[in-house]
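Multiple structures are listed underneath, in structure tokens.
After this come two complexes, each holding chain A, first together with chain B and then together with chain C.
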Partner chain A sequence: MKMIALAGNPNAGKTTVFNGLTGTRQHVGNYPGVTVEIKKGVIKKTDFALVDLPGIYSLTPYSEEERVARNMLWKENPDLIVNVVDSSNLERNLYLTLQLMEFGIPVVLNLNMQDLALAKGWKIDTKKLSQTMGLPVVETVGHKNKGFDELIKSVKVALGASQRVSQTAHFSDSVNRALDILEKKLSKENASGASRWLALKLLEGDPDIEQEIANAEIKQTARELVNDLEREHNKEIETLLAEQRYKYIEGVFLQCVSSKLSFKKPLSSKIDAIVLNKYAGIPIFLIMMYLVFQLTFTVGEPMMGWVESAFAWLGDLIASFWPEGSESLLKSLLVDGIIGGVGGVLVFLPNILLLFLAISILEDSGYMARAAFIMDRLMNKIGLHGKSFIPMLIGFGCSVPAIMATRTLDNRRDRLVTMLVVPLMSCGARLPIYTLIIPAFFPSKWHAPMLWLIYIIGILLAIISAKLMRVTIFKGETVPFMMELPPYHFPSLKGTLIHMWDRGKLYLQKAGTLILGLSILLWALSTFPMLSKERIEEYDAQRETIVQSELADSLQAIQLSALDNLQAEESVEYSAAGRLGKFIEPVIVPMGFDWRIGTSLVGAFAAKEVFVSTLGVVYSVGDADEESESLRSKLKKNYDPLIAFCIMLFSLISAPCMATIAVTKRESNSWKWAMFQLIGLTLLAYFITVAVYQIGRLAGL
Partner chain B sequence: MHKNCLRKGKKHRLASIEASDSIVRHLNGMGFVNGVEFEIISDYNPYIIELKGSRLALSAELLQCFRVS
Partner chain C sequence: MSEMVLSKSLEDYLEVIYHIVVVEQAAKAKDIAQKMQVKASSVTGALRQLAERDLVNYSPYDQITLTRKGMEVAQDVVRRHEVLKDFLIKVLSIDESEADSVACQMEHAVTTEIIDRFTKFIEFVERCPRAGDSWIKGFDYYCGEKPQADYCRKCITQTVENFETNLKSGDEMNESTVRLNQVKPGSRVKITTNKLSGVTARRFQEMGLTIGSIVKVERVAPLGDPVEIIVKGYNLSLRKEDLDKIEGILLED
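Right, the complex of A and B next:
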């Protein structure tokens, strides 16, 4: 199967072209770093594999995502590269095109966003461009689905004639002579056909390539050649090579692009004048954030009710297959274990989807890049980069994509610090815990401020932790802020919904797999071992006594219900889950927690939202969710507002879910940092919660 | 680049960048090459620069590495 790589600068529209060519629905964003992972697909009506690479400016990587893209081209040797270029930004984008031509793999030049170039008053002579650069050139307007058939035709033709030739004619004779010398030496050791490109990278001083070349003599020759060139031209080698590339591009641009002068101020400039204003920028940003949370919680609330009703109906339907009062284990597994567990988590899906919808609108419109820009000053004060703000914002939805988004950060120290503090941004999975507890313990006028307080505590802790890490274990300079501000786009309905669905789908998958499995496991742990036959018979005898008594029916019902609850509580206490909770109880007592909360916290490690359903199982209220009144009244009976606050505090700060730990390990490429995150956050949560509880008690709360 | 040069509406021609190799290479990739003309659009850190029709945000710290003519 032939492999084609899609490469281009950030914001050139690669993902739109990828979707157009493959017919798939990858998310398209309008800020650098949408493609943080390499995506694969098959070009429509062909058997050509298409690989969508993260946006890059150069083949000498600066950030991790650029390294991912460069290594894919270098190590996996695709048969062809489709270079997606933003036509309205042609001159700057052709810099990468030249580097791809130097790499040697055949390139098809895709002039995307032709409509924007026309709006700028530019007319690009594609025929002339193709002749001048010696490449097939195809025009597309990705978001209008125009030009993809021509692009596929061009790819087929180019593949038929593909041959690896590194093109370096745009460099001066002296540079090409140096390349000849190095290429000759390298070709004896390297059979990949990339010797000339490797020679160029050695001249440029690419550290990854220098490490790859074992032959010390070749490296010494490269150093001597660099010294000669720098002496001859009286400038540093990277500047020399960049200048020669841009000089060639300038010539191409002048030959192939005719422009009518436009005096109209672009719309993006007008919007930026307001949203990036020195004084209005931050208030506008805060309003945007407020609107995001308002949409998530206010609009989501009635939807939560619908999902809750649907699961209640399903539970009743399943239960109706058994006679009333049946003690069937299968019924208990289906209704209390599976429907109760999964339903308690899925009730939160509308809020998750709305949060992702809001984030998607911000990303697709181009505002997210501005948010990073606005936040840079503040982030700098805590030793982080403005770009760290984007993963932190995504962290309010889910820590997993947030940690993956740290790939856009250029420096490993910034990346690691951001990765480690992202779980302190209260993710969507913690919301069911807050929405269960807050209405149970605090008056309604305090609901919104309490929720706000929890989020603020998370943000403040993230800031303090980041600052502490930057002055201790991650000492060093912050990488200077440099970021392209893409033009504003009106987000397309399709693109926004795709984005929302792609992320929401992950949550659904988690509910259908991990949470389903955990619900069954937790049900088993809280059901077995069962009370002894003798003990059950004792309860039955007590029931019989109540029924035979001469008490009024209503009183009998109350006593029977109290006896049922007593038996259920004793059953859970006797079960494996109860024993586990009892085992850890001495450690959690200083936080004000008992074995029931302990058991639920163990479940929450797998996925935060499982805390609510586990608590429901432990308190034997069946299908508990954050709206469950029976669970709320039981909590209110057993705990006070201080303990309730401590539960929320511990849930906010403690170790993130298993999926987050796994993705931290993958992204940091080290168990050390994953374990640091797990243990560090749990210890931090423990000490803070103990302090709050003990001080609260001393203060008489 | 001296602070006085970083005023809104000022146009400059880049003479050289005095920074680490990796930063120079990255800036080259973004279009900052010796001889190129750019304009300061916003004079509040980070600064917004217009370069060949694109908008780029750069920190003051980075702009101080720019030598202009």
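Right, the complex of A and C next:
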């Protein structure tokens, strides 16, 4: 089976071309150990495999994307490269084309975004371009599905005639002479046929390639040749090569592109004059962000409600197959474990789809880059990228879509740092914990300041941790900030929906299964081991006595539910979760916590708001929510304001819920970072809370 | 770019169209005929030839504009004209109207390389301490009457004195360079030096910010950083800390 690689600059329309060529037959995977995704598919009506490389500007190995792309070309040796190019930005795009040609794998040049080039007043002479550069050239308009048949045809022709020659004619004679010398030496050692490309990489001083070449003599020769070239041209070799590539491109451009003089300002720059205006820019940005947040959560909320009630209904339906009051294990597994778990997965879906609807619109229209342009100064101070703003903002709603939103960040370091600190943005699910606790322990005029304090602590910790990570684990990895501001265009409905669905599907397939597994595990933790048969029989006997008694029905009901609550408390205490709570009690005592809080914290790992209901169970007040007064009075009896504050603090900082961990695992493509997040945040929470509690006690609070 | 040979009269047409287009944005055949002092019918013929060479966008009854290629050729012709005129006036002290009409004749015969030499030479005459304005004036004088030996001695000592005082006042020969982060939005800069290092330096080059490329500073972000620039026809935003390490010459428009 022939393999074809799809390469191109970010935003050249690669995804669109990929979808156009493959139809729907594709599958997304990751390369081991990297966050970069690789899509694979089969070209329509052929048996050619199509591999989508990450969007890159160059083939030098200075970012993860580039290294993945280059290694894929180098190690997997595709038969052909289709280079998707944004025709309206030809010069910069052709830089990568030259590098692909240097590689030696035959290249088909795909001039996408023809419509934009025409709108710019450019007429590209494709025949001449093809002759000058020595490549087949095919024009397409991706989002209109125009030109894909021709592209496939030309791929077929090119595959038939494919011949591997590394092309370096765009370099000066002196560079080519140096390449000749190195190539000759290398081809004796290395039979792969890529000697000329290897020679070029040796001249460029590519560290990966230098490692690959064992022969010290060749490397010595390369160094001497570089010295000669640098002396001759009086500049560094990389500069020299980059300049020669661009010189050549300039020539190609002048010969092959004729443009009508246009005196009109492009529409994009008119829009930018308003959108990036010194005074109007920030208000417009804030309005946009407000809209994104509203769309994601306010519109999403009723949908989440539907999902929840649908699953509650389903749960009731299934429960109704068993006689009332039955304690069947299968029922509990089905209703609480599986249906609860699937519901817990799907409940995030509306948020994720809506957020990615918003993000696709922002990205496809070109506003995303502007938003980052506006916020970059602020985010840079924190050690993050302008584009980190949206994930951080969404984090106040829910960490799960927020972590998925870090996809908009192009480089690994920014993406990982953002992902790791997003859980510190206090999410909506933690709010029930605060609303339960604050009124129970603090006078009403403190309510609002208290809530603010919690949120601000989260933000400050996020800033500090981001900075810390930048100077510790992510030191050295400096990637310069260079962000393209693409021209605005109207997002296409189809493209937007495809992006949205891609993300939703990915979440369900990859993170969803993990979340489901974890929720069944947590169900098991709070179910097993079950109370002994005798204890259950004792409870049943007590029930029987109440029912048989002479008491009025209403009193009977009260006693029965009190008994239910007691039994629920005892089962939880007896279960693994309860034992875990007790087991960790000595560890959490320095924070002022007892086993009940410990058990609730175990529950909170399923979802933060579960903390409240678990606390309700262990205080045998039954089904409690954040407005439950009976739970508040029990809490007031057992704890004081300092402990209450510590509970909130710990919930804010500590291990995010399992869905967050699952999504982090999925998005970073490694358990390492997911565990780092889990353990790091829990330790951070622990030390801070212990410090606050101990100092508070010393201060006599 | 392949050199194109254009007849003298076609170059004249291109030059005239260029001058009209710069002011009016598009030219009409009638205006061209008037400026060239020829009949409208001969203009049509010439325009057709220019259109065939892909230098102008032309169809009968329509407005005429220059193609990108045409623009470059026209600019080249105009530049040759200006350089020659400059040389005639500044170095040979010919008066302006005569210089203009002679330059018109010469511009078609002189190659680009010779023009470059001319430019350099004018620059050299203007800058070299041993030449300069007063030296040119000496040439005027020379054309009038025979100089005397002690005039020359005086001239040399004067030159040395002037050179010394100029050095002290810091008037050096270098062109003044600016750092890219200090350029006002709307200005264009030709990059001359790149003091960045490592990956950042490479990245800048790969994105098209090579030495010699022309960059337009478009705007500064509302919060004061980063900066949006246009390079190679696309918009790119960069942080000031990096732009600080890039220098260039301000271009006047």
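Criterion: the second predicted complex is superposed on the first by the 480 of 701 C-alpha atoms of A that agree within 3 Å, B and C clash if a C-alpha of one lies under 4 Å from a C-alpha of the other, contacts with A are read in each partner's own complex, and residues count from 1 in each chain.
Assume a contact is a pair of C-beta atoms (placed from the backbone, for glycine too) under 8 Å apart; a residue touches a chain by one contact, two chains touch by 3 or more.
None of the values given here were measured: they were computed from a predicted structure.
When the two structures are aligned on the shared chain, A:205 is found in touch with chain B, with no touch to chain C.
Residue by residue along chain A, chain B and chain C are tallied for touches, and C comes out ahead.
Of the two partner chains placed around the shared chain by superposition, chain B and chain C are both touched by A:482. In the superposed model, A:434 makes contact with neither chain B nor chain C. By the touch criterion stated above, A:243 is placed in contact with chain B and with chain C alike. Contact with both chain B and chain C is seen for A:272 once the two complexes are overlaid on the shared chain. By the touch criterion defined above, A:91 lies against chain B and chain C together after alignment on the C-alpha atoms of chain A.
When the two structures are aligned on the shared chain, A:389 is found in touch with neither chain B nor chain C. Overlap of the chain B and chain C contact sets on chain A: residues 57-58, 60, 62, 89, 91-92, 95, 235, 238-239, 242-243, 246, 268-269, 272, 276, 278, 373, 376-377, 380, 386, 480-485. Against chain C, in their complex, chain A makes its touches with residues 57-58, 60, 62, 89-92, 95, 235, 238-239, 242-243, 246, 251, 254-255, 257-261, 263, 268-269, 272, 276-279, 281-282, 369, 373-378, 380, 386, 478-487.
Touching chain A in their complex are the following residues of chain C: 1-2, 21, 25, 54, 57, 65-69, 71-72, 194, 198-208, 210-213, 218-219, 221-226, 228, 232-239, 242. Against chain A, the residues of chain B that register as touching in their complex are 16-17, 21-31, 33-36, 41-42, 44-46, 48, 51-59, 61-62. Contact residues of chain A toward chain B in the complex are 56-58, 60, 62, 88-89, 91-92, 95-96, 120, 204-205, 235-236, 238-239, 242-243, 246, 268-269, 272, 276, 278, 373, 376-377, 380, 386, 410, 480-485.
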